[in-house]
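Here subunit A shows up in two complexes: once beside subunit B, once beside subunit C.
== the complex of A and B ==
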């Protein structure tokens, strides 16, 4: 398939499904009349698909400020509880590839938590923006897995057989990777430019011009969370850290130790978010 | 009592209208639209029922002229039409609804009720934010004052909005106003879901109404939410600098602080207001006072509390 046709197929996607465990919890949230904006926001911010839905709505031209909002809490203030609850009512779930997706959801959440810790350590003014970008960095895998389920199964099998990264197998098959696919959909949904850039370059952080620090944080978080074995990004091994990104961040060994120990505490709470019954 | 202006030469229709509505409406009858003009231009009725007979282009022309005037555009017009009535071009017949002659008995009372209600439901809105505009705002304040309800009224506007507009252009400025409208609406509704009201006066001026005990918390939450979200409406370099460069009213290059929001609050717990303008004016005064105190700020009018409380404050 040529790249334009692929892109227009992907851009036709209106909404993405989430995983079944989240749906069960979601119903509890919707049916609780006392749920506050903060509680609903906290729930949404744990799930890449729910987060992408909220950002898509708040950045749509209807509200009049497309491409401006990249944080869930801000989106909720601007949309209001009724709009958000209505949006949640329409959420559907994956029917195929559930196991793979569960691993990806955990990987995404773990990456978001890691990115937030590093962003705070680096003193960034908007740590939530970085954690949202980390939560959504692999949204392209959801997109490709949903649109081309059979091909994606083959890609995963090939990566495993040949001992190559999913990223390489994707490129062989589609000529693009999940990073481009994610950036396309993010652009189509009017996500802020910075967010699109992090998604597009999380495997090539040296190419990020607008937000090099944010991209470097997400790139490093992706690798740290894989190395910790939290969730499953699709690969059996851990890729190398990009040297430009590493220099951009300038973290000392002591910094890294602190990040890892903070991460230990935060992850124990996140571990059962997708698994436990509501 | 609401008024119906009925325009028809047909005594049967006049009779039906009389029979249905004489107890619940004040019905004023005219045989020709021309003779109704003097009445309509002097006191707008709540609804006009007009008999449209095929080939009577004079009536339609006069009707279109009335409805074409912005002041009378909202006057609901219910047309009574022949059974084979069709329209190819709605720009040549300014009516709001119609009833066919053969279904008058069944439909007329329902349609009249719906038309009047619909006209009341459609309040004039600010085209930018779709929030209620000045007429609706004044009505909301006056309604509460007349009913003797105790309530708090807040007047909010932005500080340093003009330099933002100059630096980024009007369309970016409009984005900020649309964001602010959504933000005030949802913050007020989340603090007080019922009995509250939000209106957009125009430009960067907004008002909102809540119960007095909810107001200060609501206003503080608006300032807090706005301060956080506003940052993302600046370009990266300005966000880092924490200020913008633009030109002042004299055309000199200057550095301006980031946009802030000032809110003035008044309530009628101790001071009685009788007219909406008086209360809105007092809230606007408090807002100016908040502005002088340096933005990101709310000021509550406490000048009319009992003396001992004022001293403690």
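== the complex of A and C ==
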């Protein structure tokens, strides 16, 4: 299949019968760039399952707010529309994540927590935006797994049998990887340009022009959470860190040590959360 | 070991307050009251033997540990893990 055909197939994913119902409804809301804070808030509040998932996630160590957030509207004000849109997508695909690849949800959450810690260390003004990008960085794996379930099973089996990175196995089959697939769908769903860029370049952070720091953070968080052995992203290996991203972040040994120790605390605090979501 | 959250029974009564230092006697009493788990302060003690954790770390890094900065990252992880076992 050529790349254009592949792209248009992937973009039609919302018509798949296997797409979770809540995601289908949600897409109508998030694909509309004019959707207001109230409309999105109303949509969430009408769905008790979604409301409880949103509140659970905003009160989790991913965001690290000190107090409790008890209402959806409060979450929207604190986090902003774009972050909440991304988070909604995250909570609506987590079942699909677990189906495609057991452990991918934990990988994504762990990556989001790591990204938030690094973003705060770097003094970014919007650490939540980075953590939501990290939460969704592997959305392409879900998309490929939903759209091409048989092929993707083979890809996962090949990665395991040959001991190669899932990324290499994907490229062999599709010529593209989950990074491109994820960026296509994020674009189709009208996600903010920054988010699309992080998803597209999380394995090639040196190509990110618009948000090099955010992309570098998600790239490094992916590596750190894999090194930690937390969750499963399709293979058992730690990818190499990109030198440009490493320099962009300029984290010292002491900084990295602090990141690891904060991560340890956040992950043990999150255990409850992971168990209840799984 | 201190409680990081209070222990509350089904009726909503606080059996033990946050920050209570757990003694063997208290743990025994909690057992008798069928309390199967509590929240305690600090990270949980790792469950696998150190050697096993470190050999898993080696396996995860085996493809890339000679790439730039990966040796440092691995070293930091190793030190971090060893610190958890002290």
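Heads up, the rule we're going with is that the second predicted complex is superposed on the first by the 185 of 278 C-alpha atoms of A that agree within 3 Å, B and C clash if a C-alpha of one lies under 4 Å from a C-alpha of the other, contacts with A are read in each partner's own complex, and residues count from 1 in each chain.
Throughout what follows, a residue touches a chain if its C-beta (ideal position, glycine included) is under 8 Å from a C-beta of that chain, and two chains touch if they have at least 3 such contacts.
Predicted model only: the values in this text are computed from it and were never measured.
**Student:** Is A:69 touching anything from subunit B or subunit C once the two structures are fitted on A? First, second, both or neither.
**Tutor:** first
**Student:** Considering only the touch criterion stated at the top, classify A:238 as touching first (subunit B), second (subunit C), both, or neither.
**Tutor:** Touch status of A:238: second partner only.
**Student:** After superposition on the shared chain, which partner residues are touched by A:260: those of subunit B (first), subunit C (second), both, or neither?
**Tutor:** A:260 contacts subunit C only, not subunit B.
**Student:** For A:103 in the superposed arrangement: first (subunit B), second (subunit C), both or neither?
**Tutor:** Neither: A:103 stays clear of subunit B and subunit C.
**Student:** Between subunit B and subunit C, whom does A:80 touch in the aligned arrangement: first, second, both, or neither?
**Tutor:** Only subunit B is touched by A:80; subunit C is not.
**Student:** Once the shared chain is lined up, is A:42 touching subunit B (first), subunit C (second), both, or neither of them?
**Tutor:** Neither subunit B nor subunit C is touched by A:42.
**Student:** Can you name the residues of subunit A that touch subunit C in the complex?
**Tutor:** Touch residues, subunit A against subunit C: 165, 223-224, 226-229, 236-241, 243, 246, 253, 256-257, 260-261, 264-265, 268, 271.
**Student:** Help me check something: in the complex, which residues belonging to subunit C touch subunit A?
**Tutor:** 43-44, 56-57, 59-64, 67-70, 72-74, 76-77, 79-80, 84
**Student:** Hey, which residues of subunit A end up touching subunit B in the complex?
**Tutor:** Where subunit A meets subunit B, its residues are 36-37, 63-65, 68-71, 74, 77-81, 125-126, 192, 210-211.
**Student:** Could you list, by residue number, the parts of subunit B that touch subunit A in their complex?
**Tutor:** Checking each residue of subunit B against subunit A gives 128, 174-176, 178-179, 182-183, 185-187, 189-190, 225, 228-229, 231-233, 236, 239.
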